[in-house]
Amino acid sequence: MTVLFGAFLLTMLVITAIGIVRAQHLFVSVVLSGIYSLQMAGMFFILDAADVALTEAAVGAGVATVLMLSALALLDDRERSAGLKRLLFAVVASATLILLLHASVDMPSLGDPNAPVHTHVAPWYLEETPRLIGMPNVVTAILAGFRGYDTLGELFVIFTAGTGVLFLLASVHERGGLALLPSPDGTGLRHHLVPRLIGRFIVPFIVLFALYVQFHGDFGPGGGFQAGALASAGIVLYALAEGEATALKVLSFRVLTGMIAAGALLYVGVGLACLMLGGTFLDYSVLADDPIAGQHLGILLVELGVGITVSGVLLAIFHSFAAREQRR
Amino acid sequence: MYVAAAIAILVTMALALTRALLGPSVYDRVLAVNMFGTKTVLFLSVIAFLYDRRDFLDLAVAYALINFIGVLAVLKFVQDYRLRHPGEDQR
Amino acid sequence: MHFLDHYNYWVFAVLLLTGLYAVVSRANLVKKLIGLSIFQSAVFLLYISMDKVAGGTAPIIIQPEDADRLYSNPLPQVLILTAIVVGISTLALGLAIVVRINEAYGTTEENELARMDEE
Amino acid sequence: MAVILDAVSWVLLLAGGAFIFTGGVGVLRMPGFYTRMHAAGLTDTLGTLLTMVGLILQSGFTLSTAKLLAILLFLLLTAPTAAYALANAARLAGLVPERALRSESE
């Protein structure tokens, strides 16, 4: 049954993707991308990847659509030219497709427990996590513990992308710093009473749920990446309901840039603290008397850093696009 | 019985997808996206029960909370679009 | 259900090339970015398809002593989880560049940009 | 008792599925935006309610019941709001119901 559900969702995914590419109006592409993301999250859930599905839910359903739309508001939202050498690329793509389909025959079939992926390091992680880290969610344990370096790198990619967007879109303050200057016209949906009231009612629940996802990530699906995306979605909803200017008063630009830096610094700081206490970089065992308690503390702090930076970056990006929109 | 409900939801998703692809107006597409979102919440809940993974209802909660934002963002975009391009036909 | 064993990989290939086709054949820069995110999500699908273990469940070990339970592979999930958030922030960076290009040139079509650069 | 509870929840789930499916058919087959909206809005709410209550009866007094109740509450709040906002936006944008157009032209 699972396989059939999966096949059905996958078929819909292909149809949606073709619809996205074919749509002439970019707005239609963005709306269809929303559906695409929903299907993808359902597929991840069916394939037993609860954490990934939660991330896709938090990012794809809220933040991604909002970002694409606020960028489209600044651009011509219709494709004008038909395309470049479409026939040639169609032939090349079809040839590559046939090669890839041919190669897929050699792949192990779906769910095969003896596939090469499952016989390398994965069993070790699954067996040793309860003993070494003592945390039910192996994904969180690997993310922040075993592969802490990798996650640090990813966090800095997000940090760099966020600062890049700010440099490209934020305006220069009179004293030389970057600033966002929303005009009072950005009222969002203030004139629509019902969506505004319900939106305001939902915001605290989203933020509360984000905190739950942040701190429950050791035991269930969740962690800093999901929580950061959810929290920023909550604040974006507030900005939609009350206008960007009001949202910037609640969480000002200074606070946002502070959050972007603070999260990354917290992550690095935990690593340095481990060095100071005589361990290696990001080896949390030395943080407490008991190695497992140390691991718990380290992972909690590191995930908190991830959550703070991710929500700061996503919100700063949203405000950069929105402020640009109103300046024109 | 969960299977029957899941199949009904999946088929409805396909119908909503068809409407989203056909249009014809912007609002039809947004309606379809909104419907697809609520159906995803229901599908995730039913699947969580079908395979007895009730811990993962968190996902459905996340969608129930977040799905709304996309629709509101689209509406704000359409509202601003009309301000910037008065009289222009939208698809 | 034997013929569905590789269906995930077929869909991966189709999505990958749909995305690639949009990136190379469309002149509109935003459409290229959308194509890039389809391409990206195809890779996510490949990784997550490989982590599935038949009869398994998500790798959250509530009872470590129960050795019979099968869990899906946690490693691809870790990689993709971070990649999704990285994907949205790089997409935003791309969009920001497109916005600036549009402000400087007044268009987001690749062929028009090339023509303006030649002049 | 358990058998009755099971039977009731099965009936609710099936009824929910039926309503959801009806809504899907309505969204696809109805002519004009407002009639489609009508089909989607009404069956969405009822189908959600029935399915969720069916699932709640299956889960008993556990944490999942609380989560299901939260989902139900949020869906019942947001789905009609989204429907309202959508219809409002369409009306303000000047999308006229089809029947009204037809009677005007007569």
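For clarity, chains are labelled A, B, C and D in written order, and residue numbers in each chain start from 1.
FYI, a residue touches a chain if its C-beta (ideal position, glycine included) is under 8 Å from a C-beta of that chain, and two chains touch if they have at least 3 such contacts.
Remember, predicted model here, so these are calculated numbers, not experimental data.
Participant: A-B or A-D: which has the larger count of contacting C-beta pairs?
Facilitator: A-B
Participant: Please work out the Cα centroid separation of chain B and chain C, and write it as a whole number of Å.
Facilitator: 21
Participant: Any idea how many Å lie between the Cα centroids of chain A and chain D?
Facilitator: 29
Participant: As a quick test, compute the distance in whole Å between the mean CA positions of chain A and chain C.
Facilitator: 12
Participant: Among all residues of chain D, which ones touch two or more of the remaining chains?
Facilitator: Chain D, residues with two or more chain partners: 74, 78, 81-82, 85.
Participant: Counting only residues that touch at least 2 other chains, which ones in chain A make the list?
Facilitator: 50, 72, 189, 192, 195, 198, 202, 205, 220-221, 226 - these are the residues of chain A that touch more than one other chain.
Participant: Using the touch rule from the top of the page, what residues of chain C touch 2 or more other chains?
Facilitator: Expected reply: 57-58, 60, 62.
Participant: Please list each pair of chains that are touching.
Facilitator: A-B, A-C, A-D, B-C, B-D
Participant: Name, in rising order, each residue of chain D that touches chain A in their complex.
Facilitator: Touch list, chain D to chain A: 74, 77-78, 81-82, 84-85, 88.
Participant: For chain A, which residues are in contact with chain B within the complex?
Facilitator: 1-2, 5, 8-9, 12, 15-16, 19, 25, 27-28, 31-32, 34-35, 38-39, 41-42, 45-46, 50, 53-54, 57-58, 61-62, 65-66, 69-70, 72-73, 77, 188-189, 192, 195, 198-199, 202, 205-206, 209, 213, 220-222, 226, 230, 233, 236-237, 240-241, 325
Participant: Please give the residue numbers of chain B that touch chain C in the complex, ascending.
Facilitator: For this pair, the touching residues of chain B are 51, 53, 55-56.
Participant: Under the stated contact criterion, what part of chain C meets chain B in this complex?
Facilitator: Touching chain B from chain C are residues 57-58, 60, 62.
Participant: Give every residue of chain C touching chain A within the complex, in rising order.
Facilitator: Within the complex, chain C contacts chain A at residues 1, 4-22, 24-28, 30-31, 34-35, 37-38, 41, 44-45, 48-62, 64, 70-78, 80-86, 88-93, 95-100, 102, 107-112.
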